[in-house]
Every structure is written in structure tokens, then in C-alpha cells.
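Chain lettering (A, B, C and D) follows the sequence in which the chains are written, and residue indices restart at 1 in each chain.
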Amino acid sequence: MSAKPKIAFFDFTSCEGCQLTVIDALQTHLGLLDLVEIVQFREAMSEKGQNYQIAFVEGSCTRKSDEARLLAIREQASAVVALGACAHLGGVNSMKNRWPIENVQTYVYGQNGKDAYESYPARPISAVIKVDAVIPGCPIDRHEFLRVVQMMLQGRTPRLPDYPLCVECKLRENACLNTLGILCLGPITRAGCEAICPSYGDGCEGCRGWHPEANFDYMREILRGHGLSDHEIDARFTMFNHYQMEQMSGHAPLSEAVAPVTDTSLPTSSFAAPKED
Amino acid sequence: MSLYILSKEKLPAFVEALQAGFRVVGPVRTPTGFAFEEITQADQLQLDYTTTILPPKKYFLPQRETLFKYHTGSNPEGAQSVDVEPVFQDVQPTVIFGMHTCDMSGIMLYDKVFSEGFRDEHYMTRRDKMVIIGIECLHPCDDASFCKDMGTLTAPPIYDLHMTEVDDDYLIDTGSEKGERLLLNYSEAKMATTDHMQRLGRVLSAKWPRFRMRLKMSKDQTPSLLTLGYNAHIWEELGERCLACGSCTNVCPTCFCFDVQDELDINMQDGERVRVWDSCQLHEFALVAGGHNFRESKASRVRHRLMRKGKYIKQVHGLSGCTGCGRCERACLVDITIPGTLNALHDEMKVESGV
Amino acid sequence: MIPNLTTTTTPRAYNGHTSIYLPTIATIEDVHNETELEKIYTVRLPGGQNLGHTPGQFVMVSLPGVGEAPISVMSSPSRTGQTFRLCIRNAGDLTNVIHQLKPGDKVGIRGPFGRGFPVDLYKGKDVLIAAGGLGLAPARSLIDEILDNRANFGRLIILYGARSPAEILFRDALAEWNERDDVESLLTVDRPDEAWLGHVGVITRLFEHIQVNPYHTVAITVGPPVMYRFVVMELLGKGLTPEQIWMSFERRMKCGVGKCGHCQVNHRYSCQDGPAWTYAEALAFEEAL
Amino acid sequence: MPENIKVNVHHVTRVEGHGNIVVDVRDGTLEKCELQIVETPRFFEAMLRGRPYQQASHITSRICGICAVGHATASLRATERALQVQLSEQTKLLRRLAFHGEILDSHILHVYMLVAPDFLGVGSVIPLATSHPDIVKRALRMKKFSGDLCQTIVGRHTHPIAMTVGGFTHFATVQELVELRERAEALIADVDATVELFGTLPWPAFERETEFIALVQPDDYGLIDGKIGSSDGYELELDDYRQVTNERLAPHSTAKHAAFNRDSYMVGALARYNLKHQHLSPRAKAAAAHLGLSAPCYRPYLNSAAQVVEIVHCIDDVIQVLDTLIERGIEREDPAPVTLSPHARGVGACDVPRGILFHEYQIGEDGLIEEANCVIPTGQNLANIDRDMRALVPSILTEPEEQITLKLEMLVRAYDPCISCSTHFLNVEFTGK
């Protein structure tokens, strides 16, 4: 084999759980280090190489100043991989998009928040730069990460499963949560995680994004059967996929339901925001 | 062959005796129902179970099965080398206890599918080591069952042993010499007497009225009904509802379609080719390079499933593709059911022909 | 009843058992760049063993670690000695990696599989071959077989439609067929460039240039799924019966041996009972066209 | 002594999140010395508004991938206290196991992969894999155990699945617990070797007296619930957490710092050690002695040593909890019921790897969250880090710049800052350049 391909990790707005999962992957697959040379991984190392071919980008783009960094990464890397739901979908970060940005800034940081904390609606990195491959999930599945790396080394384009999570859930012979009174978004969510959440008794929350044939109308019917209101259904649909739901429907889901939006004075939470001295 | 009797309290001893020489599999209780699993203690076996999510087919055709291992490398001159070595997975003496009659019908179809034409030795070698012990169904599993319609309420001739609960005993029919030897070597079963046989007869004749019929037609009419109804409206309606989740085929005791995938070790040189269950309800199933999909719409996929269950499989293998077990109905979150669909088709066709 | 002309292979034995999924490891002897998208591979089985196929059959080609795909045998049996040829388009995941292979590299081969074109049935008849795009590769097997046994057949008419001049396959062979008196060949492209002087348009446009004797002709058509319906209409228009028209169906295939279910057309398996079918057979299947 | 020094570490590495260290010495006087946080704000409290309470723990675990179980636990406790949920003994024990899994995972990651490279003179754990393979393999082995512990109890460590309001959605089998018990026992050799290894490291001697704050419980080194204890002798109820995390105007800065009794305080392993070392397991006590810890300890670099001590303690406690559970057996319980009422408030607190963490929610009668607040450990520590740096820099000004930079970076890393937990910071200095 010729020189090992150089890979680098970058993080934007994220919890860094996906990078942590990469570190965890080494527990069982130390051999990864024989295949690639990691030249940047801020969470785990001090060295900083600029000469990388594959860039793994974790986190959403949530402010103007992120864009330049993303563009620079795109410029250098021959392949950019979105690592995890934040980068792939906008993820949890996009939950804030249902309010005007000043609303959330002042809610958390007080009236000065608007100026001190730069932010704009969260987006997947594909909204800013071209992305060659995606490793979905919140967090990513470590085996999928390894598989994607291997496929890229083989010169292949990693492809995602195009079918719903229920497939993997049934292969594991789980009793369907939706029939046990526990909500599960498996029928509309893209498979690939081996149905880890339903297997641990908790419904799927859609962190891998929707599969291309997602049947939202009948998913809503199923959730209504659990006694959920439309507001609650939207809250479930938008935990990771607010950006997608907004793109699909053309408006921010849930936004009407929230009082502060119509309230012109921006809310400052006595609860969360720091007090003004 | 012959009928034997084993008192219920002697069953655990039979199971334990078998464990010495076999992997013993049977229905066990799970937090939410039942599942076929390996029995480690005799008292786990729940022969009075209702139904399981996955049929016992998973022991005959595992969800994921290695077909062969490969090793790639290069010789000193830089030329590539590839070695392949077949793998026959889970080939071990196995006794499967408590298969319902519908599930045995599923295995009867499997036996044909994998032995006819190209013989699938991965299946056949495993199958050869299997001992099937059926259990007669005396009560319907639940409202989703329609085994009586599909004619699977009686044991098909593939069992090695078949048990019927008669009061405090099991009456055991031997379906094969292998079964008979097993019974005599590992249990305290005795020949059944005339009295036992009379009791068995009463139990069997008493069971039929407990099962209801759900289809508006006989099972022999389903192929022609489906032929006539190929362009019926109902498919569009079902297609709209369908989640394309494939649960119906995954839980089906007669579905056997699979996908083949390569898995690669971290060294990028060794790995395995595996087959995994696939489903014709998924979008990719009939997609070919260039993007043409032979079953693009969900309606065409739902129809294909029903066609297979009610017509195609019968055409090719001479056996019904549906055993009436009701699993797909239990698994479907949007109430797409085989009896419901066939009955609706029946109604639609009746209206169309003006009958 | 559909005649089943399947040839079985002898897979390798292991502990007395055999696996129908185990490929034979073959060597690539030569790689030829045919067009931007297609390459022709010359493949040699261990010991130079003859493949033993009929025209229209396919093999499963695999790269362990990547996957497996059905590929028609391009060579005719008459020209298959110790090696055979495959024409492979870079159409996706596996084929893309196959395109990176060099002479000396290994590929797995299973097969040949399926029912090919029943050459014996065509003997003494005029043969019309209408191929679209990559369909010329499987058709080539039949054409060469006829050419090498030319006396056994009547007229040989070859209609070929390519998308653009750059995508024309087998230019040498086309030139040779053009030269020969005993071959009538016509070529058209959908999208011509400035230099193009030949026919323009979809393949069906070529039918106006040929006349056939419907009593003595068999027609074989191979191409992308969209093509068949239109070609068949032309052929029926020339008086051919559905029984005289043969076609080859591309379907997704994962096993090649009638188990995996992907290639089903109604109740039939394309990998076993096809890929070659008569139109009469296809008519009985709602899913065929 | 050099007249002008400028240290500018852009993005401190091997910490979670983004921070810059800026030191500016002009004409021999310290003009500027601060840890700047450049992490993007994430607005979790705002996002929680209007969400069903069932989503809260799953949303807030995404605040931080390293303290995911901690955030989920604090979130569940806040919800449960708001909705008057009574937990079963089994739930408490299982949560404790998952929590220990995370403490172990985080501490092992921190001391082996983030701190040790500094002492062994390499830039990261990756060259360490070649130079000290035994050490790396041991770390990975220990990490695997903690990961598997979390996996068995809650499905995975980063974003636990099976923890829910009132209990669990999945139950490990006794058999699985027995296997974990055996593995924990077998791990003790690795734990001892860890103590041995870190006992040999030359911790910088730097020392500064400060206030320590941690959760305290009578008779236990407990990390979930309890009261807020201060080394200055105070003890407060959880509901009064705002008095502790209270923000004040620092004289030298326009930014606000979290401070309680003094102008800054420290949370985390060292704080916990100082406040409740008497409740450590006997082996952990011995380890502390071996590592040169004795309370009160004012050497911030020794926070990493205190983490090693906690690794020992947690393994011991894991074994003990496993024993209890194995003896009791595992019962599949439904989650305990909730009582919804108008504007119900609740505070949840736990002592996560980096220190004390608070979540507070107000939940409406419809089950939707009305208000939310999360106060994270790193936010509380920042003021203390600033003061440590100011105290440290004058004493090392004579050293070469790389040394100064390294020592400052090591100081920041010793606090194990988890900056991506930027729900909100109380004391970020955004002084213009």
C-alpha cells in the first residue's frame, strides 16, 4: 500500500459525542491506525497537520463565522464526510430554529446576548459545502464509521440504507413499541443503527433522518393513536429533523404554538439568563 | 408410524436428556410475549405459547448468515491473490420443540425452495441436523390467525415428532425413524393404547370449531382472484397506507428473499460474504443500475407480496405461500392484512363482474 | 412450458458439501478501454478451463470485499477457449472498483447462469438483432456465434442504437460487419455530434430501412428496459409473432441461482428461466414490460 | 526576565470544546491572562421550551457527549422532582451504575489520553500507541469496561437510551451483571497499575488556596442528589443552587463570574476529594496517599490525581452495587408515575466528572416544559482557572515561552474543561483584541 491517507476531524456546533465515538472505536479496532494517518483531531491530540485528504466534520453550521472555516476545509479535502446528526441534518441544534434568533439569544444570555453570542439558524453542513458522504446518527454508530472509512479507502462511495428502521428492529425480534404504547419513529427513520433505541425499550427519535419513502401521514395517524396532540407530534418530528421538516413544509414547525414569537419584547428568562448588574 | 404417550411431567426430563446431545430450541417467554430461543433449562420451554414475532425460520435461515470467508493479499511480485473458503454456519444437531402446524408448513416450503434447482448446501446441511418436534394447535393464537382458511391447521408431513396435549399427557406421533429413535432413546415415552387414541380423536375433533374462517373465498380460489384483481383499485389504497417497512415479510414464515453483502475486517484484507434477510417491500429491492425500478410504487410492492403469498409461490413450488399464521397482520402498524386484502379484492371483483 | 436450458456449474466442494455462492477465482488477462464508461476484460479461469456457456448467459462477477454483480458473457462460445470476455460498464459501486483492476488481478466468477438464446432454434432462419446501448455486449455473443457458423443461418441483420457517437461499442467489429456482404448492419445515435454522418434518432427509426420475411425471421432484442416496448411494436408491425421475438431482461440479481428473489418477474426468476425470454412468454407476465 | 511575552494558544487541544488561552505581558507586567471561550453557544434552555417533558433528558444529554449520562441524570432528577416522582431502590442503584460507567470512561479518557501525553512528552495518545503500547492498551481495556457497563445498563454511554423519567425502559439480566462483576474484579490489576503510573508523574507544585464546592451526602461519596457543600463550611439545599452559582462582577473584568463565598470556586474531582475523602473506599484512600493527595489540597494540577483516586473508588463501588443487585435480583419495573400540576418546578443535581451540574425545569400541566436552566461545571470553574493562571504566570515568567504555554495548557487541561457543554456560560470574557 502507498502512503496512508491522511484524515482530519473538525468540530462545529456539537456535543463532540461523535468524535468520542471515533475514539471509542479504537477500543475494539486499533487497527484503524494502520490504515489511515490522523493529522488533526483536536479533541484527542495536539498535533495539527494541514495536509489531509478526508475531512470528517462534526457539528452544525450555526453562525456566519463558521462558513469560512467550512469552506477552507472543503478547499483542502478531497472528500468531506458529515459526521453525525448535527452535521448531517442540523440535529438537535436546529430545534432553536423555530424562534427568531434574537429570541433564543436573549432568553439564555439576557439582553446583551444578541451582540455577544453570534448565531443564526442551525443548518446541516451540506447547506454550506458539498458533502461526499454521511455517517448519520446521534451519536454515530462506530461500526458504520469504520465501514465508511473502509469504503472510502476502497475507492467506493458509501451509501446509506434507504429503508426504515423497522427492518432492523424486526430482524432483532423486538416487540414493536408502537403496539406496546411507546412511541417510536422507526417507520419513517432511516435504518443503519441496528435499531438500538427500540432494542433498549425506547422509541426511535429519528436521529438518522428520514428515509426517502417516509410516510408522514400514516406516522401521524399512529402517533395520534397514542393520544398525542399535533403539537406533541411536531415536537417528536423536530427533535433532530427541524431543518428537514421546515424545508419540506416551507415553514418552521411549532412556531405558531409559542407565545414569545408574537410577543415583540424579547423574552429574558428570569430562569436561565444571567442577571444584569 | 406409531403413536406414543409421554406424561407431561416427564417432558422436562426428555428436554434435559436431549440437551446432552443437541442444541434444544423452543418457545420461551419474553417480557412481551414468546420467542423461539435456545433452551438452557427445561422449564423455559413454553409449549402452550400463542405465537412468536419471528417464526422458527430464523434457525433454518438465520437473519444473517456467512456464506464464505475470503482472504485477499498480494504475492511478492505484486500480483493479487484471493482465497475463498466456504462456511456452513450453525450446522449442529438441533431439536426444535413446539413448532406450530403453520410454521411447519413454512419449513415444508423452505425445504423445496432450497433443495430444488440449485441445491443450497448452506441450508441443507443445517436442515439435515434438525429434528422437528411439532405441537398440535388446539386453540387459535389470536384474532389474527387464519390457519383454518389456509389449511395449515393440521400437521404437514415434515415433522420427526408431533405432540398433542391430551389431558395430562402428550400423545406423540412419530413422523420419521429419526424421531422415533430420539423419543425412545431420550424419553420415557410408551406406546399409546387404544384408550389414548380414542382420547386423542376426541381432542382433535373438538378443536376445529374453536377456529373461525376469515376468508370470503376458499384458498384454492386465491390464485384466480389475484389474477383477476391485478389491476384492482385496492392496491393503490394499500400503497398509500403502507409504510414500506418490510415488517410483514420479515415476520413471514414463508418469505426467504435475501440480500448478499461483503463484510471487511479492519485489516482490509479478510472478510466474509454474508446473506441477510431482504424484503420485496423495500424500495431498493428491484432497483437496477441506471436507476430503473421495476417496482417503484409501494402499491406495486404490496401487490407483489400478496401475489407471491396467494399465487406465485403456489405456481412455482406447488405449496401455498401463506400459512395463515397472522404474523404480518400483527406486525403491520397500518392494518394491512392478508384476509382483509383478499376479502376486499373479492368484493371489488364481485362488484366489477356485476355479481 | 418454458424450456430450461440452464447449464449447471460444478462449485468447489468442502467437507463433501458444495456452496453455490462460492466463486471460482479467475485472473484478468487483459483490460481494454472500450469507451469512457465501458471496459472489456479478458478473463481466464484456473487451468484455462472452458466456461461452457451459451450466448445470452451471464456470470456473477465478484470482488471479495466489495460485492457481486451479474455480467453477460460477451464472447461467443465459438470464440471461447481458455479465456472469455466481459464488457463492463462503470454503473455503480462494484463496477467502479472493477474499473480500477489491471491485468493479473483476480476476480471471482460464478456461472454461467440462466437461460441464454436458444441458438439451435434460430438455425436456418433470418436473424434480426436489435441492440440498444450496452445490450450489444450480450448480443455480441450471439452475433459472433452466428458469424462463426454463418452457413447455418439465413440473413443476419444488426440494428444498433447508441446514445452518442462517443458511446458506440465495438467499433472494430461494427466496421467489419459493415464490410461483410453477409451482414446487414445499421447504426444510429440519439445525440449526434458535428462529425456524425450516420443515422440519428432512437433505434426504432432504423426499422423503416429494413424489410424482413416474417415467415423466416427470429428477432432478438437486448437493451435498456424502456426500449423493449417500442422495438416489439416495430417487430409486430413487420408481421413477426410474439413467439418469434426474443428479449433479455435486466433485473437486480443477488444470487444468480433462483433463491434471493430479486429478479422475479411475476412468479418466474429471471436468473433461471431468463434472462432470455420470448415476447410470448413475457406477455403472460404483467411485470415483464 | 523577558519584557514582553505573548502566549496565544488557539483552540486548546485535548479538551472538549473550544477555548483559547491569551497571556499578554508587557514591560514585565501582566496585561492580560485569560481563557477565552470560542465555542458556539447552543441555546439548550431556549430549545427545551414547549417540548414534552419526556424529551428533556434525551435533548439535554446532547449538551455534552462526554457527560451525557450526567446530563440525562440531572435532567431526569429535575423532571422527577418537578413531577413528584418517587424512585425505586433498584432504579437508584441502576442509575448509579450507569453514572459510574460515565465517570470511569471520562476519567480514564482524561488521565490517559489527554493528560498523560503531556508527561510522557508526546502530542497525543496516537504516538503513545507506538511508544507505550502497554499503557494505551490498558487504557483502552479500562475504557471498554466502562463503555460496556454503560451499554449493559442504558444502551450506550454517549446518549444513554434506557434511562427515562421514573425508571428504565430496559433491564439488564442478572447473568449480565454477574459477567460485569467478574470483569470489574479482573480490572483491579489495571486500576492498580494506573495508580502506580500516575504516582510516578511529576505534578507541578503550583498551589493556590480557593473554595471547593461539591455535592455532599451523609456517609457516602454519593454523586447524585444530596446537598451543596462548600469547603468554606456551608451547606445548601439543591433548590438554592442559584445562591451558589450566583454571578458577581469581578473587579478586574467586566464579565460575570460564578462565585459563592469568595470570588471564585472550584468544582470537580479535587473539590469532591477535599470535601468527602473520608467516604472513599479503603483502596481509593490508599491510592490517594500513594498519589500524594491529602486534604485540603490546593494544587489544581492534582485534579487529575484526584480523578485517578475516583477511578479506584468507582470500580470498588461498581462491584459493591453489582453485588447488591445480583443478590436482590432484577425486577422489570414500569417507570414510577408522574403527577402533573401547573407550573411545577424542580431542580436536579449531580456531580459529573467535571463537577457539580444543575438542571432546573418548570413543567406545565400539559406536560410541556415552560422554562429551563442548566448550569454546567466548566462554567463554574472558569473564574477559578482565570485566577489560577494569573497566580501562576508571574512565577514562571522566566521560563521559555514553550514551557509557559505548556504549563498553562496543562493547567487548563487539569480542570478537564468540557467547553462544548456551552448551554450558557456565566463568565465568558469577550474582550476585543
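Simple rule for what comes next: a contact is a pair of C-beta atoms (placed from the backbone, for glycine too) under 8 Å apart; a residue touches a chain by one contact, two chains touch by 3 or more.
The structure displayed is predicted, hence computed values, not measured ones.
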| item | value |
| --- | --- |
| Those chains which touch chain D and also touch chain A | none |
| Pair joined by more contacting C-beta pairs (A-C or B-C) | B-C |
| Most centrally placed chain - per-chain CA mean versus overall CA mean | A |
| Distance between chain centroids, defined by C-alpha means - chain A, chain C (Å) | 45 |
| Computed distance of Cα centres, chain D from chain B, in Å | 51 |
| Inter-centroid spacing, chain D versus chain C (mean Cα positions, whole Å) | 66 |
| Whole-Å separation of chain centres (CA-atom averages), chain B against chain C | 37 |
| Per-residue multi-chain contacts in chain C, two or more chains | 65-66 |
| Numbers and ranges of chain D residues touching at least 2 other chains | none |
| Chain B, residues touching no fewer than two other chains | 31, 264, 268 |
| Contact pairs between chains, per stated definition | A-B, A-C, A-D, B-C |
| Residues of chain B that touch chain C when the two form their complex | 67-68, 70, 72, 79-86, 88, 113-114, 117-122, 124-125, 230, 256-262, 264, 268, 271, 273, 275, 278, 280, 285-290, 292, 294-295, 304, 307-308, 311-313, 315-316 |
| Chain D to chain A touching residues, read off their complex | 11, 13-18, 40-43, 45-47, 49-52, 55, 58-59, 62-66, 68, 109, 113-114, 117, 123-126, 129, 137, 140, 143-144, 147, 154-159, 161-162, 164, 168-170, 247-249, 256, 360, 362, 368, 371-374, 420-421, 423-424, 426, 428, 430 |
| Contact set on chain B toward chain A in their complex | 30-33, 35, 52-54, 58, 63-64, 241-247, 250-251, 264, 266-268, 276-277, 279, 282-284, 298, 330-331, 333-334 |
| Residue ranges of chain C in contact with chain A within the complex | 65-66, 93, 96-97, 100 |
| Chain B-facing residues of chain C, complex | 8, 12, 14-15, 17-23, 25, 62, 64-68, 89, 91-92, 95, 104-106, 108, 224-226, 250-252, 254-255, 257-262, 264-268, 272, 286-287 |
